[in-house]
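Both complexes below contain chain A, partnered by chain B and then by chain C.
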Partner chain A sequence: MDLSQSRTRQAIITLGLLSGALILFTGAVGMIAAFHEREVVNDFITLGQLVLLITPFIFGYTAANRLGMTGESPTSVIGGGIIIGLLTTLPTTLLLLFNSDEFRFLLDWSLRLAPFVVATAIAWRLHRQNVETFTLIGSWLLAAVLIGIVTFSLALIFEVKGELRSVLVNINRDWVEVVTFDNRKDLMRGIFVFSLASAVAGFVGSLCYYVPRTPRRAMFYGLSVTLLVGAFGETVRLVLQENLERDTLNQLFRRDTLRQNAALGLLVVSTVIGYLWAAFGDRARQGFQNLGGQQRQTTQMIGTVLFVAVLLMLPWLIGRTLSDVAVTIGLFVLMGLGLNIAIGLAGLLDLGYVTNYAVGAYILAVMTSIGPLGLMKGTFSFWMVIPIALLAAMFAGFIFAVPVLRMRGDYLAIATLGFGEIIGKLAISDWLKPLIGGAQGVQAIPKPIFLGTELRNPEQLYYIVLVACLVTLFVSIRLNNSRTGRQWMAIREDEDVATAMGIDTARAKLLAFTLSAATGGVAGAIFAAKVGSVFPNSFTVFISINVLSLIIVGGIASNPGIVVGAVVLIGLPELLREFSDFRFLLYGALLIMMMINRPQGLIPTKIVTHEMRAGVKAKVAAGD
Partner chain B sequence: MLHMFKWKTDEFSWVDFTIDVLRILIVLAIVVGSWNTLSEGRISFAQWVNLFIAGLSQGSIYALIALGYTLVYGILLMINFAHGEVFMAGAFSTVFLAEALNRTGFLNQSPVLAILLMILFAGLVSMTVAILLERIAYRPLRGSPRLVPLITAIGASFFLQYTFRGLYGSGFKAYPQVKILQGALQIGSINIPTVQIFVFVSALVLMFGLYWLVERSRIGKAMRAVSENKEVARLMGIDIDWVILFTFGVGGFLAGSAGVINGMFRPQGVNFFMGFIPGIKAFTAAVLGGIGNIPGAMLGGLFLGVIEAIGPNLVLAGLGIPGANQLKDVIAFTMLVLVLIFRPQGILGERLSEKKA
Partner chain C sequence: MAGKPKRRQNKILVATGMTKRFSGLVAVDNLDFYIPEGSIASIIGPNGAGKTTFFNCITGFYQIDEGELIFDGNRIDGRSPDQITRSGIARTFQNIRLFNNMSAIENIMVGQEPHLKSTWLGSILGLPSTRREDDDTEERGRELLQFVGLEGKGDMISKNLSYGDQRRLEIGRALASKPKLILLDEPTAGMNPRETIETTGFIRRLRDELGITVVLIEHDMRVVMDISEHITVLDYGRKIAEGLPEEIQNNPDVIEAYLGRGAAASAGKSLAS
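What follows is the complex of A and B.
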């Protein structure tokens, strides 16, 4: 067994503890307990349990891949998987013990011992770097005192407060219930079951490394399809409801969760499809590549037509609830495409995009409202105000752009963030209350009327959003290849060089801000008409952050990326209610991870990928 | 001498024109507003002094946070957007310690020791958060294009906010009242609340501590060396990674202690979102004083606090705007934008402005 080799051992321990930290963290912020509310397969597994099992599985598989590549023996690879599974449970188990009455003394003792142990560990590391004895003792003392202050305070807090739950609100019964797999009464048994399940998951994960590539891909594909369908059972059911008989549906679903038979069937079917795809997919792609230019164009054409047809039929296919979600996603696609002109094409990190959204919404509200704050009292229709909202947003974009034209990247970001906050505070202030209603907002906004019918349902509003998105998409594709688009890209890459090339950077930047504001205004106006009222607390920095995140995750300057980003980042939290509490937690984590591992986004464009690589190269060259 | 008249020969620029118009408008608004307020005499001299002192104590909190921005900027040339959340982490975590100390009665028996313990605890918690942030999120991105770490920092900011919301819950938690901080100091007709004196004095002590650390100690010398030139500092045998980590740690410590000090006089209590707005304001303060410049950050913080306290009553009320104090934040953010437009190098000027601009 090569587990004795320190390098292998270190890799396994690092991955295992990372996985353990992940489980501990998700538990402590309440994710696991919240996800436990959602069953993936009826009476079989919940989303919370799935998180507990899939984490050691993935880490076990990753470790097996890493170790297997370096030529470790199967025993140590699989042994590593099991160890990772066990390590995954370690931090959570400790917390479980600390939380129980019988083993509470463990917490007290570890808080008492921690200063000495940690200080000694630090001193030991310093000792190995050949530090003088005097410094060594000094740092030992300093570390012990500092850590002592923290542990003493913690001990005091827990002593006075009693249960951990009164500080860490999510270390509660629900959490214990999930991580012990429903053995809250018998803690030891619970910990045993938890460790066993996790070890098995790690074992299976590492075992997957030895499955040949094609069946492995088929298996992963099948599993992920089944689990996704299960997790989104409610959504899938809503879609099927529109198209299936009630009885058939009830055979597949029990309320909102997939029945066990249905899940098994789905697993088999999707694995077979996955196998076929894994085995012949490459050949099919090859065949497509080998088609003549004419044929390939036809195929692509058919694909596009099909896609547009599906988009047009969408409200009938998915029903009312999901149409509403689709409208929200569409509004964010619209804003994403707009903000992408500033961030993606011109490289101007605008964090105040909510300004344009608010301007559009308030313009529509004030112009069309039939309430006391309405200026025109019904003389202006939705369709007449949309262009006005667009122009007003462009004007706002222009006005706010002028002062920031000379600022460099990071200052610009903070200044625009400041603009967003200023607008938010003004909207809620007493000063503008006679005009836009202060905290009470503007109410009684009529729905748009199209050829005599009032568009009050999300199914109908969907088409407005769709048309707006398609127009914006067209414009943004054309801009991408235009002279102006090239100027923006030049500015994004290097402003000084762009100036030297004779580009009027001030003009180009102004244009970028103004154009990018336009869609924000339209999105705001549609939003106001959809909701029927406008409140200042809908226009917070979170809107800007939402739009920014979807651009970054989808891929900077990539139109398909933005659509995918909007579907994933806006759609998921809407569809999975358990998710929505942790929305910004996950956005934040996603932004960090994307920037570190994949700054070009999920669906990147070639140019941006190249630029990001160039950045890395420059970094290597600079020796930083 | 000719260059003084260069603008005449230069091409006419719309951007310059608009910015000049903006400048004139703002000066006009300030003059008219102040004139109106002062000529009406709605606010007495004692009230002005009170506002000024309240501004100073709020400003010293901004200054403590701003020091974190400035320290990090001085060394890495990056805006640690998540610094406001580091401040929140300390303040939010220490609420529980303050409650525990209050329940045992220690807080009122020996308040000095108890508050010292709280400040240390909060500082260490924030320090840990800041160090983890640097180690996990920022270190892998060193040397990448400027916007990449900024976006990471924005992500980290929201990640930290919602992590602490998950850990401690979303409600507001108020610090217990400390008896010795209840009263007020009477000087003639001017009434200064003791809390404000406490805030100002403890902030001053911390700032002098930092000044001593940076200017006099060995590690401070290393910090200055790294901010001057990383490569040369490395050649001199300075462990750059350690110095950067230390800088984040010191910034975090100051932010955490600012959190506790701030918590003591926030009647509405602390919650997970408390760091966001002070974070941006402290950044404003750092820019105001000249980012990368330590005395500048202190001065900028105090200046911003005072402006924020006096500005709405002096200028906005004078212009006839109702509910002027609601627009405190607007004043602060307008300051931010104005400084960035007109004097991005700050009051004291960026020490190395040419290299860093």
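What follows is the complex of A and C.
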């Protein structure tokens, strides 16, 4: 009983402080203030405030799940939620106080007292372990001095600089404004409102644990949809603009943010849909599974046709700005499908994929440019150069694969990473400058011309990318189910045994690298034509990393996963340009979270799911 | 004792003066050795005697330092594992080494590699010859699955198969290359008595029905004595005895190698039982 209580307390405190640290950190790096600029629901809540509230909500719900499972009483579960809500505000509140004029002395005093308090605490710990008096005094002094050096110099810095803000640049007015919920003038009131809101969020989060499964799922679904539509209001408006009257649109949106009524309506509608889905979705899926082979195929056919139809009409549905984003996503899907041959199928960790992209782009640039660097000055059209770019990239893939054939795993990754860097340096070098322009790059690349029309808009370029993606998808599915695909998978699983089975592994690996490179070349060529010019700084290691990450996030070796991965990792950042400062921070956080909670990716292949399920079953069986 | 078929004099595999060293340690020491064609032969010996190393040398996983290996009339030492597989030797591993994340049928289809001809271009274009080969490969795979007793489990991921099924699948994969000689490294390890008996019968079928020469490394003496027609005993990389099961059972050197000098006299019987 006692143990369980102290464990409960520990769980609550840990989660609460974690949540608090998250709020403090996001505030200190300036994310909260930046997010505050974007309203989710007009005159009601901003993205920054949403982060402040959703964090204790999620942590409250998580804690309730954990405590509820271990059989804690509702009082302590819900109490825990409230405490977590309050703890969430604690670090930020302290910082607010330290930052204010009235309570500056608190900071000064804590910095001065900290060495003594901490040193005494350490000494007390040691004392309990029966350490000699002499050692005890020594360690007290040592700790006090060491910590003192840090805190006193901090105190000095603050004293000299006068304000916290000069050290922590993002602890500024904007930040105070957000975390006090617009009560910057009356700090006490602000802290009260913040704590109350956070406690309520934690409370509601823990309460959700007691809502039955179906309505809870419906609620989460409704909330997520509403908040996502709100957060991406600008994008949603752009899409709707293509299809709705201006007046209707203005009733739903005020500039780029959702109006309150519209948000409420959306919440109700999406919750109802969510409810229906949660209640009857399983049965529908069951029904589909029970369909006879014939009917099932028909259903699948209809699904595919609908999907392709949507893909074909997409540019009309979403308009120019988003078509541009779709083209970028498509280019990365193209590269993802290609790289997946090396990584997903053959298990070859290639970190130099940007090489192929660069080769394709420069080939197209040099062969079609009508500027001074163009070799042919218009003799070659886009369509003629695409196959050349493809072959050139395959050739590059082949050449770079030869020296690394004998390498495995990490060594291969490092070597390919090196090749990627070499290409970047070559592109910018003086040596190749007469050919590809060095840092100035190649300009004046004409747009593709199709049946006499110049394809200059993203809506038109979209179709080129779409066709390329579909062809690649087709080829990769064919290969996946072929002798070659099985050879690759065997090499991925156990190279020695694969050799022993009579597979010529060197040949199979060369082929994987070569074919994998092909789509990179095509993507590069389309990119060059889209932008109209090519610069060396477009071809950094980040391209390789992006492509690799989208494969991992989507689910390795999973084609639908690659599309979802590209939308999440390439599309979202395009839509959230204003937060580009935090792009890699969020990116990193997302990758870490994925690796911990969903290592199989967002849309895993059946095999991986199988494996994970088997793992879970084994754990359950072992009484874990 | 197994009913012995007429002993053929043909030696399918002959090793002379075969030596394999690992930086100082002599794992296989100047070994002279042969396997009669069409027989079921066993290699036994204490842990670390060099049995697995011997298999690895035959299959080209290790290159031998001295001596020569002749299989079916041709020298095979110095060849690579895939060449040796193509010449007709297949194997299983002591610690099962399946392609874990591939389905059972896919494992067997990979095993058929030496006989496949289709190319990647054919697969992309969907050429009729490629399709036919794929279909044949799959059909033959299903037959083999049935032969090894894994009917209906072809689409399971091999990782999720039971231990015994994994061992069977590994044998199936080895059979897929249509070998003349199959090397089984402890095929009954980790099996319960019932599975062991099944596997013993199964190994006999390999020889009787498919006409494959079988060499197995085995620790279970009942299995060894039951099915072997020829036994070789290794200790510290050297051959210490060779012959028919009954000869081995009563060989004092063998008993000593297994149980140590003191116990030799008393344990003779238990080894024989």
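The rule is simple: the second predicted complex is superposed on the first by the 539 of 624 C-alpha atoms of A that agree within 3 Å, B and C clash if a C-alpha of one lies under 4 Å from a C-alpha of the other, contacts with A are read in each partner's own complex, and residues count from 1 in each chain.
Convention: contacts are C-beta pairs under 8 Å (C-beta built on N, C-alpha and C of every residue); 3 or more make two chains touch, one makes a residue touch a chain.
Since the structure is predicted, the reported quantities are computational estimates derived from the model, not experimental observations.
Asker: Quick check on the superposed pair: does A:Leu511 touch chain B, chain C, both, or neither? Answer first, second, both or neither.
Answerer: The second partner, chain C, only.
Asker: In the superposed model, which partner reaches more residues of chain A, chain B or chain C?
Answerer: B
Asker: Between chain B (first) and chain C (second), which does A:Ile157 come into contact with in this model arrangement: first, second, both, or neither?
Answerer: First partner only, chain B.
Asker: For A:Leu585 in the superposed arrangement: first (chain B), second (chain C), both or neither?
Answerer: first
Asker: Which partner chains sit in contact with A:Leu141 here, chain B, chain C, both or neither? Use first/second/both/neither.
Answerer: neither
Asker: Under the stated touch criterion, which partner chain does A:Val308 make contact with: chain B (first), chain C (second), both, or neither?
Answerer: Neither partner.
Asker: What is the contact status of A:Met489 with respect to chain B (first) and chain C (second): first, second, both, or neither?
Answerer: second
Asker: Quick one: is A:Pro403 in contact with chain B, with chain C, with both, or with neither? Answer first, second, both or neither.
Answerer: A:Pro403: touches chain B, not chain C.
Asker: Taking the contacts chain A makes with chain B in one complex and with chain C in the other, which residues are shared?
Answerer: In the superposed arrangement, which is not itself an observed complex, chain A uses residues 611 for both chain B and chain C.
Asker: List the residues on chain C that touch chain A in their complex, please.
Answerer: 59-61, 80-82, 85-86, 91, 93, 97-102, 106, 109-111, 113-114, 116, 118-120, 123-124, 126, 130, 133-134, 137, 157, 159-160, 173, 177
Asker: For a test of understanding, state which residues of chain A touch chain C in their complex under the given definition.
Answerer: Listed in rising order, the residues of chain A that touch chain C are 475, 478-479, 482-487, 489-490, 492-494, 496-504, 511, 515, 607-608, 610-611, 614.
Asker: Residue numbers of chain B touching chain A in their complex, please.
Answerer: Per the stated touch rule, the residues are 13-15, 18-19, 22, 78-79, 81, 96-97, 99-101, 103-104, 117, 120-121, 124-125, 136-137, 140-152, 154-163, 165-169, 230-231, 276-277, 280, 283-284, 287, 321-323, 326-327, 329-330, 333-334, 336-337, 340-341, 344, 357.
Asker: Which of the residues in chain A come into contact with chain B in the complex?
Answerer: Touch residues, chain A against chain B: 25, 28-31, 146, 149-150, 153, 156-157, 159-161, 167-170, 347, 349, 351, 402-411, 413-415, 417-419, 421-422, 425-426, 428-431, 506, 541, 545, 548-549, 552, 582, 584-585, 587-592, 595-596, 599, 611-612, 615-616, 618-619, 622-624.
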